[in-house]
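Each in structure tokens, the structures are laid out below.
Next come two complexes built around chain A: one with chain B, the other with chain C.
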Partner chain A sequence: MRYMMNAMRMNLRRAAQYRASFLMQICSQIVMTGGDLWAMLMLLERYGRMGHWEGREILFFFGAMHLVFSVTEMINRGLGHFGSSIRSGAFDTMLTRPRRLLTQVLLSELDPRRVGTMAVGITAMAVATALIGIEWTVWKVLLLLWSMTATVCLMLGLFLLEAVICFFSVQSIEMVNILTYGGRQTCQYPVDLYPDFIRILFTYVVPVALCLQYPVSRVLGRPMAAGIPDGLLWLCPLAGPGFLALMTLFWCFGVRRYRSTGS
Partner chain B sequence: MRYRAYTTAFRVEARQQTRYRGAAMGGIVTQVFFGLILVALYDTLSGGTDEGFRRTATYVWLQQIFFRAYFNLDSELNDQVMTGNVAYSMLRPVDLHSWWFWRAMAQKIITIAMRILPMLLLQLLLPERWRLLPPADIPAFVQFAFSLLIGFMIICQINLICSAISMRTLDNKGITAMINLLMMILAGNIIPLTLVPDRLQTLIRLQPFAQLLDAPIRMYQGMASPGEWLAAAALQLGWLVLLWGLCRWMWSRNLLRIEVQGG
Partner chain C sequence: MSEPLIRAEGLTKRYRRSTGGKGLTGFFGRSTETVDGLVDATFRVEPGEIVGLLGPNGAGKSTTVKLLTGILRPDGGSCSVGGLVPWRDRRTYTAGIGTVFGQRMQLWWDVPILDSFRLLRDIYRVEETAWKNRLDELAEALALGDLLNVPLRQLSLGQRMRAELCGSLLHSPKLLFLDEPTIGLDAVSKLNLREFLLLERERHGTTILLTTHDMADMQALCRRVLVLGHGRLLYDGSLHDILQRYDTRHEVRCRFAGEPVWQDIPSSVALRRDEGEWELSFAPHAIPADEVLRLILAAGRIEELTLKEAPVDEMVAEMYNALHLS
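For the complex of A and B:
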């Protein structure tokens, strides 16, 4: 934990060295999410509603997904560059340090720039809440927090999977982006808008929807199509931490058979 | 004689690019997947209006096929700017702007040429409703090809403008990222510009980023009249001349007062 605070301070200080560039990058993060937001608003203006969802409900799903994803990205930047840190040998340096490996990789590049996208996500959710007039109860708040935390775990697991693949093939493989960035792209809208095979892929194989959207739909008081029994709703997000645990095992396996690239 | 240098730059670069055939494959699958998600979503949203949906699907696929063309693929220029090696390039008895321009064109054309066939084949695996439609007629295809070439030229100028800016600021992340994102949004990659509400259509078609791929795609789908085509082509050429001029001016100003870093 102390190590974590330390790493966070270092990263902030590093970013502050190039202040103009830092602000510029925050702005471009916002523009990126803003682009998705713009696309959503254009679609809503043209079609009025999406499937059985109203615009303000779509906005809530959108905000939740982007908030979760930006929190994940803030933590996991080190994993994103994992391929190059293997190639440059930076990973070998970490192996010699007396700290837990995964902690080091995750925190080596804690990325404060994501606050911009986080703000967009939170704003979207707040506006949607006001428009829908959600009546918050303790249970709803807890369910939402639990499901968002679980989804962050799930996304971390996906990025971890991507990193482990780097152990086996030194070139990072672009196709894993299908699961991570593809997951964000797909699940910014409720997954029941898609045909069955996409819905099943992101509900049961890569359980983004299971962790995030089913609980969120409950918070909105509107069941998803092809719903899940109420009793199971609190259990669904467990898939996230479960996935992460599985990937951590896989990671340990990868580290054990890791051979340096030399240099 | 003078032009020999530029055709050589083009040829050498083109041959270089064909070496990355393997790396292209992962990107192609990812691209098709992202296209599939968008097409599936628009299918649900359009709610059974067949004609409109097929046109949107075609638009999405063309955007995905030519997606790589948006980016500055020339890492060498940025490296040279960052390391100061650009000083050596300045010793060459050629016009630097034209030199880098023809290199960039070669990279784009070859990268795209390598991707067209695999992408077309992959999307043939999808249900017929989601596939790319052929061009409206033969003249439409000729118009499209011609306009696509101009579109590529404009993208090269925009990329080179980014390089010119980063030559001054020595920061290739902030502003370049911002321009790239704006390009993605306003060029029709995030959402087809044909789906933008009708009251914004004129505005959206006049702006420079619509000249990159949006204008060619609209020609592919067939223009209402020869007059409309003429207007669209003239607009595209106008922006090309304007941006070409701006880019040349920025480059020549930069080269006059460039300060090379380091030794």
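For the complex of A and C:
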């Protein structure tokens, strides 16, 4: 626990070493995500609604997805750079330290700059809440928190998958990025707007819809045409932690292989 | 005889390396060959020893270190260090060892080294006062006092290496691994480092395993060496003895008052005139040194005399040659 706190402080201090660059990167990220938001608002202004979703509802989906993704990115940077950690020997160093490897990898690089995109996500959600006039109940808040946490797990699982691939191949495979960054771009909008194969991909293969969008649609008090049985609302997000657990097993397998094949 | 700290029996590690192949076949069906990292190495290390690993590049030194630090898992044989198996009991085991790799830094690059030391305190779960005392001791011995608040990236190479050493010793490990710790260091830094290591061992009984290509380091620190080549352990014993074996030529240079008269120079001694000085070179196993001295004394009145041993690097090169390592 103390290790965790201290590692966080350390990452903050590292960022603070380059204050100007830190602030500029936060700004640039706000501008980039803000650009996405802007484009969406333009579309919605032109068309008013998409499918059976109103503009302000889509704004809420957008905010939730970006908030989830920026929290993930804040944590997962160590996984994102895992290929270079193996090449530079930083991973060998972790092997000689008396802590869980995954803990060390995650804590080695936290990314405080993501507060910028987090702020954009939260703002979008807040504005949408006001526009829609959501009546918050304890259950709605809990459902939203649970589903967002589960989605962070899901995304971490994907980045973990990408990291494990580094054990087997020197080059990280861009395929996974289609699912992570592609997932973020796609799932800013409700999946039932998309053609079947994309909807199925992000519901059952990479279950962003199960973890996030389906519960969010219930928070908004709207049905979601994704073909998910209604009674399983609270269970659906389990797909996220489940996926992460599976990838953690895969990770352990990768570590075993690494230690028996050499560097 | 005390219980050995490190006990390795038949330790073996092989790597698979892809041989590439050509064109499309290389892309699809990749052929691999097996490379010996370490084969059937058996050795022991007693607590408090400083042992050097010696051998040309690719001989298996790093593999040995990686196996003993638990980074790699062997293909055969066994190894226990203080009753633990490095790769199996990784988290318990690594709490009691320290590692320094001259080729890469283990502290955090961007932050003051004190911050790194604090994080290491938490990683190794060192108790606060114990950590403080240890840090004071190490900072003094390594002259780090004024540098604690400087980020690692602003330190010179020598300062960085001292900081690395400090970091690797904060949790008071009983066993320290040093992989080429003096690489790139200037003479003064090297001397300080050696002095520090000897002091550390004297104070805390730390066992040290060291790889280096710097023979002066070896001579200053290690009484015992393991010589590796092509993944095999070729020699385990005193550094002095193995060097003697390959100490093929000694040289004596002398200057005489007046012209010397050489008598009965045997064929095992090569005599050469160099400006105003004379140089005699001989193989110590062919003719004893005192015999050579007697010849010199008989030749005339000596003004100056120096005895040169063959440089250690040459002896090592000779040894690698004899062992077919080069």
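Quick note on the criterion: the second predicted complex is superposed on the first by the 255 of 263 C-alpha atoms of A that agree within 3 Å, B and C clash if a C-alpha of one lies under 4 Å from a C-alpha of the other, contacts with A are read in each partner's own complex, and residues count from 1 in each chain.
Everything below uses one rule, namely that a residue touches a chain if its C-beta (ideal position, glycine included) is under 8 Å from a C-beta of that chain, and two chains touch if they have at least 3 such contacts.
Computed from a predicted model, the values in this text were never measured in an experiment.
Participant: So, does A:65 touch the first partner chain B, the second partner chain C, both, or neither?
Facilitator: neither
Participant: Quick check for you: in the superposed arrangement, does A:43 touch first (chain B), second (chain C), both or neither?
Facilitator: First partner only, chain B.
Participant: Quick one: classify A:24 as touching chain B (first), chain C (second), both or neither.
Facilitator: A:24 sits against chain B, while chain C stays out of touch.
Participant: Which partner does A:6 reach: the first (chain B), the second (chain C), both, or neither?
Facilitator: A:6 sits against chain C, while chain B stays out of touch.
Participant: Once the structures are superposed on A, label A:210 by its partner contacts, choosing first (chain B), second (chain C), both or neither.
Facilitator: In the superposed model, A:210 contacts neither chain B nor chain C.
Participant: Just chain B (first), just chain C (second), both, or neither: which does A:165 touch?
Facilitator: A:165: touches no partner chain.
Participant: Given the touch rule stated above, what does A:92 touch, chain B (first), chain C (second), both, or neither?
Facilitator: In the superposition, A:92 contacts chain C only.
Participant: Per the overlay, which chain contacts more chain A residues, chain B or chain C?
Facilitator: Counted on chain A, the partner with more touching residues turns out to be B.
Participant: Is A:14 touching the first partner chain B, the second partner chain C, both, or neither of them?
Facilitator: Only chain C is touched by A:14; chain B is not.
Participant: Of all the chain A residues, which ones make contact with chain B and with chain C?
Facilitator: Common interface on chain A, chain B vs chain C: 18.
Participant: Within the complex, which stretch of chain C touches chain A?
Facilitator: 13, 15-16, 37, 63, 66, 69-73, 75, 87, 90-95, 97, 99, 101, 103-104, 106, 108, 110-111, 115, 118-119, 122-125, 151
Participant: Which part of chain A faces chain B closely enough to touch in the complex?
Facilitator: Answer in residue numbers: 18, 20-21, 24-25, 27-28, 31-32, 34-36, 38-39, 42-43, 45-47, 50-51, 171, 173-175, 177-178, 182, 185-186, 189, 193-195, 198.
Participant: Residues of chain A touching chain C in their complex?
Facilitator: The contact residues of chain A facing chain C are 2-3, 6-7, 10, 13-14, 17-18, 88-90, 92-93, 95-100, 104, 256, 259-263.
Participant: List the residues on chain B that touch chain A in their complex, please.
Facilitator: 23, 26-27, 29-30, 33-34, 36-37, 40-41, 43-47, 171, 173-175, 177-178, 181-182, 184-185, 190-191, 195-197
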